[in-house]
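Listed after this line are the structures, all set down as structure tokens.
Okay, so chain A shows up in both of these, paired with chain B first and chain C after.
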Partner chain A sequence: MKRLTRIKGVLWALAMFGLVAIVARLINGLGATTNLSDALPWGLWKVGNMVAGVALGTCGFAIAAAVYAFKLERYQKLARPAVLIAFLGYGSSCFSLFLDIGLPWRIWHAIVYWNIHSFLFEVAWCVMLYFSITLYETAPVILERTKFHKLAHTMHRVAFPIILLGISLSTLHHTSLGSLFLVSPTRVHEIWMTMLIPVLFITSAVGAGLLTLVLITLMYNYLYDKKPDLDVLGSVAKAGAILLSIYAIIKGYDIVNRDIIPVILSGQWEGILFIFESILLVFIPVGIIFSGLAKKSANLMAIAAGSAVIGVVLNRLDVGILSYFRTAGAVYYPSLPEIFTTLGIYSAAGLFFFFMVENFEVFDKPPVRPKDAGEAQSPDSTFGPIRSFGDGVLRNPIHRYSAIAVVSLVLAVGLFSSSLLKGAPMLSEKVAPPTALDNERMVLVINGNKNDVSVAFRHDMHKAMLGGTQSCIRCHHLDMPDDKNTACWKCHTNMEQKTDIFKHAFHQEKLGGNDSCVKCHTDTSRPRWRDNTKKCYECHEENMGMLFTADDKSYDYMAPSYVDAMHKKCVGCHIEMQNTVDRPALDECYTCHGDVKLQTVR
Partner chain B sequence: MLTDWLGFARGPLFIMCFLFMLLGLLRLVVLELIGFKNAYAKIEDKDFLIFSPPEQTGDIRDKKFISKTWLAGIMEWLIPVRHIYKSKPFFSIVSIIFHIAIIVTPIFLMQHILLWKRGVGVGWPGLPGHLADVLTVVALASIIILFLYRLTDKDARVLSGTGDYLLLALIFVIFGTGLLAAHPAMSPVNYSLTMLIHVLAGNLSFVLLPLSKLAHVVLFPFNRVSSDFFWRLPPGMGDKVAHELHGEEAKV
Partner chain C sequence: MSGGHTDTSKQAAILTDTTKCVGCQKCVKACVETNKTGDPVPYIRAHPDGLSGTRWTSVLRVRDEEQGISRFVRKQCLHCVEASCVSACLVGAMQKQDNGPVIYDADRCIGCRYCMVACPYKIPRSQWDTWMPFINKCIMCYERLEEGKPPACTAACPYGATIFGTREELLAEAKHRIAKEPDLYIDRVWGEHEFGGTNVFYVSDVSLEDLGFPKELNEANTISIPEKNWPIVSATPFVFTFVYSGLLLSSFVISRRMKLQKEREEAAKSSHFEDEII
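On to the complex of A and B.
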């Protein structure tokens, strides 16, 4: 029981991390929480959860077809777990898709606004309908243990046509998931890009899906100390291996037909990845299962099944994410919130699975878990010492998992706090001073972040036109102490962000430590706060007095970003001057950014 | 350097500690309610001998009866005028003043309210600065008196563990540094350091709230119901309790 307890503890922790990541995504949006880009818009959620998740859930319709359509009664015992796995696979897929689309609250649009030319339209409808069918098939498992057990029987009686519908829907949308990639033939790497993708997708999905059922059944038996029926599981595994072999044959035909063996063996990382993927997805599982070893040893069967499961997930990640890297000229790697969302969704599905098998008849009649001696089922001691996280207290499941949940939620908030609490992580680039084109510093090249957008600023011309040496303060509006006509970049030190130009600790020390507070915070009747504190110019009149006006709130504490400061100062003056000097285009972008042919973007 | 640490302590660290307190206390209440429900199920089980028969003490299975007695108990202890003990009235009164001071001061301090307003946009009326100072000094004085009381009084000393002294010391540090931070001219140490200690000690108290006996801030209603209500033993019950606990050979 200890390993089950530990696994559940880890799943609870991951689920809570995922929950915080999901909240962060819903509050701050995709840009702030994911590493998706316009070049690589398909990330971990769409491929790792959605495309791979439904592939793992195929056992539902495959077993349903075997039991209900072909009347193979010996697989009856696996029907309920298979349907539950399908329900969880499709449920987590739908939820991931909800998070992955830019405007999650429009997830229902596919139902109302039909775009019949889109593969995604077909995928959306099939996944939606098939998810409803798995829900219909799973519901009786729960209902039969409640007072609605009669309803469960009625649902069971009329289930046959619905199961048939489910089988056809699944077949349809697995092929159309593959078809999605046919619309970008130039972007998917040539090893994976073939017109046969739809067929490859459904054969590998059903093959690996059956092995998912085998793996989960073996894990159930291991965790709950039961003996697995290796005979039946072996037959299921064999069916999976046959489908994977068909996949291998079609893929082999495709490789030979398109003559891409040289590409695979060329030493490109895609080729090595493809070989690795094929070993996991085909060679290990098919080898172990067809050699007959799997029926003798549960461990070997688990290795074969686990290899196929990892292989199919890797295959989907290869096709959906990695194969785009070379053509996009960019690399995508998931952000922390993305990784924890994926893990969290799978963990929540795992916890739901444990809940179902322990409380309802999925594999066996509950209770499937012998009660542990040290484990009280419910808190007996009402007023007992639950005030601490002490050892004995946490033996109780509710106490233990709630403690894990609280601690991991708090840690997750700490981990994601930059994205969760501050919104999009802002760009922050340090400003470089302008460079002079001539000895007299008559023309200055202003390019704070040294990118390809710059302004050749004619300092001499501006000085002459605005009134010679008397005009300095029109732009140089502040002097730093012991400096005259301080340059822009000395205060506006960041390209995109406001920066603090008031050093509190410095002033505090300079003015005499703790006794100095009252020198600026003169109003002792209220808390020391910015709005009842001396303004900078009250002490620094010689530096700041020149441009100060009574209503001016600026020149205190925060300097705007370099971009904002320059645009505001230059464009503001250009708008004023364009009528005076009769140059109507003076406020256009290209007046200063001569090389950038932009229309007025303001 | 010091200001960076201060920024971290009252930024991310504060958020984590405060959230831990909220979730931790919520967890304790939920668990206590679950425990209460289970105990209630046992009351309905007639074999649960410790409870007196209905005809002697009123029907314990009557839900109205339970909530009425419970609520009365909570209210009685929330305004503990009737419970100023005759044996130690001075310390009872000091304890009540201590509770009022340490609850009212941090919640209604203008400086704290301004931070809430800046951080989450919610503010509420606060105390005038002088009153807050007085309350802080009262809190500090009452902590010293209660600390000495725990050390000197025979009964209190037996009941006190290390944790009780440390928690009092922690609250003393929070209020002491708070007072010094509000009046830097009085402070022997650097303002930023005072503030850092204040914030760190405050954060520590948030973490300790659900983990220590400080949890009584949310659990006191349940503590009340256990003593005032569940343990109403009819005459002759002592023997039965002893029998339950020690078996046949018990001698009371």
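On to the complex of A and C.
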């Protein structure tokens, strides 16, 4: 029973890591905890947990259909485990969906606001209803062991139409989960993008779902030292293999029909991935099961089932995440919190599974508790844990798992603290050293805006204007973690402001002191205001006539803003001149400005 | 989607001419000020095209390697005639207004980001830097349209590179421009037919594939995505009825046959028994 203990310990640890990641996600939001982006907005939680998790839970409705609709009584004893697995698969999917949506407290909007054109609407309703049905089907397992056992009987008696409803709903949402990806026909890679995707999804999901049941039953028998009924399991596996073959036939037809064999064999990584996925999902399980080896050896059957399970998860990840990479021009890989959340949710589901099979009648009559559970209740149990620490194992399971949970919780908080618990990880940019030192003008040449355009930067002038030695941190921020130094544009944002460049004292001195007033303030009968004074361009015609015209009143005494000067006054000329001067791209900013990054210049 | 198409000719539309744009970003500034989108977020996951949760339009450069030139082009929501995001949103937060704009109802949104997956032009953006992320995209200043004003971006453009009008007018204008200078422009009004047509058009002398337009128009990409998927969506109730009634029927038939078989067996057994007695 040591292996069971170890597995549970690992599951507890993972669940606690997941818990910390989940709390961090709820506090700090998606941006801080996931690697999702505008280019690839769907990631591990939606595809890996929801789409794939639901696919693994199909055994519930498949076995229900066999037992209740088609009256195949020999599968009766698999009905309870199948329903439990479906319940856990759907429960974990719903929970991860709750975490994945940006505004989880609004999840009830899916019930209130309807959009019948949406595939996701269909999926949401069917998954919600079917999850309720699995809850309904699982509840008697618990209730029959309590004082509400009569209720369990009543529930069982009226279950037939509800079970059929569940089967029908499952058919719908497994097709719709495939159809989800039909909305982006230009973005999904062509190997996977087909109108047959709903059919492909349901056949592969039911096939792999039945093999999930086989795998979990075999694992149960292995962990609790029981002998598996290879005959019944073999039949289930065969049904799964038949469905996977149907999937393979439809996919094969699709490949030939759309003529994408050259794409698969072209050496693109998608093609290789597709071949790998097909081997795992179809060839290994179908080969092992149809060859008849599976019925003889539990190990081989487990290998076949495990391969199908990995294959179907990989298939969903391919369709939902990886096939978007090429068109998005970006790559997504899950962040640590995402991975730990996924593992944590599945671990919690696993622990719930162990709890159910040990305490209630799922596979066999309880108790099937492992021998060591609870037997270490020695009289001096207060000091038990401490004493037995020396042996390397805490004997009492409650103490043991509590200790594991607490230690992992602390470890998780420690592990995540730096990047995760503080909020959004901003791009960490160390202060770049100057790219050159211009000795002639005594300036540094720096890449101030982080756009690979180096500019001359007068460090001493900035230092003096910002407040001497106290002002270093205005720009440098002392290289703190997750910090970035201030780019030029953060302060120099007023690129669009007009500037008063008129220097009165300078003009006064140049024009001859106090005698010169009337040279500009020509109307001596009125106060010397700007609007009854000469305009700049009246004297500076050779410099400013081009820029300022008599009917353009907006620029009196004011220099145009940089942006206006460039785009209204300069560029027009540039466009005009580009045909006469031997400069074809004179109307392009980058001809003069290098590689200007438009987003940051503003 | 299922029914007839609405008359789009009088809908509000925008025409952007890449040969006239100088990249001054006045439209971006006007958009930011009018819609109060907020400060730019220099964020690790910012998309290179400049659109983000706080920038609903951006000016980017499209390079044409063949001709060796590049042009500025304004990226914004294209307000598809039959928008994929509108059909995708499960709570109906994305809505197509009768007068053209595709608007966003933040009160309904649950943040599932399916609109981002659904948009063929990759326009909707999520606010990744906050714990309460909404989706953001251009809404064609629909409140200004109701007041009878043009969208802020078109009003701000100093060169008339992006102009506002009805869909009919602007299509005619675009075709007029192309006909007038056929050597300059590529003979295609970008947005006329793509995915069922959009309410934002481009005329250009460089290819605009970078904006998400398909390279060549064919039957597959001129039909709108919701229309293409509607047969599958609308099949749902029929599939449900078919599966449910099929299951009921089969379980009824099977249990009846099992019962009959059992009776027959018992009858056979009893007759056999009688035989033995005799």
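Keep this in mind: the second predicted complex is superposed on the first by the 407 of 602 C-alpha atoms of A that agree within 3 Å, B and C clash if a C-alpha of one lies under 4 Å from a C-alpha of the other, contacts with A are read in each partner's own complex, and residues count from 1 in each chain.
Operating definition for what follows: a residue touches a chain if its C-beta (ideal position, glycine included) is under 8 Å from a C-beta of that chain, and two chains touch if they have at least 3 such contacts.
The structure displayed is predicted, hence computed values, not measured ones.
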Quick one: is A:Val518 in contact with chain B, with chain C, with both, or with neither? Answer first, second, both or neither.
first
Taking the superposition on A as described, I'd like to know which of chain B and chain C A:Gly414 touches: first, second, both or neither.
first
Counting only touches as set out at the top, which of chain B and chain C does A:Phe506 meet: first, second, both, neither?
neither
For A:Val406, select first, second, both or neither according to whether it touches chain B, chain C, the two together, or no partner.
first
Which partner, chain B or chain C, touches the larger number of chain A residues?
C
So, A:Thr175: does it touch chain B (first), chain C (second), both, or neither?
second
Common interface residues of chain A - those touching chain B in one complex and chain C in the other:
none
In their shared complex, at which residues does chain A touch chain C?
27-32, 36-39, 41-42, 65, 68-71, 100-104, 106-107, 109-110, 112-122, 124, 164-165, 167-169, 171-172, 175-176, 179-187, 195, 198, 328, 424-427, 484, 496, 563, 566-568, 571, 584-585, 587-590, 598-602
Chain A residues within the chain B interface of the complex
378-384, 386-389, 398-399, 402-403, 406-407, 409-411, 413-414, 417, 421, 504-505, 508, 513-515, 517-518, 525-527, 529
Which residues of chain C touch chain A in their complex?
1, 22-26, 28-29, 40, 42-47, 50-52, 55, 58-61, 69-70, 84, 86-93, 108-114, 116-120, 122, 125-134, 158-159, 212, 214, 220-221, 225-226, 228-230, 232-233, 236, 239-240, 243-244, 247-248, 250-251, 254-255, 258
Could you please specify the touching residues of chain B with respect to chain A in the complex?
2-3, 12, 15-16, 19-20, 23-24, 27-28, 30-32, 34-36, 38-39, 110-111, 114, 129, 184-185, 187, 190-192, 210-213, 215, 219, 222-223, 226
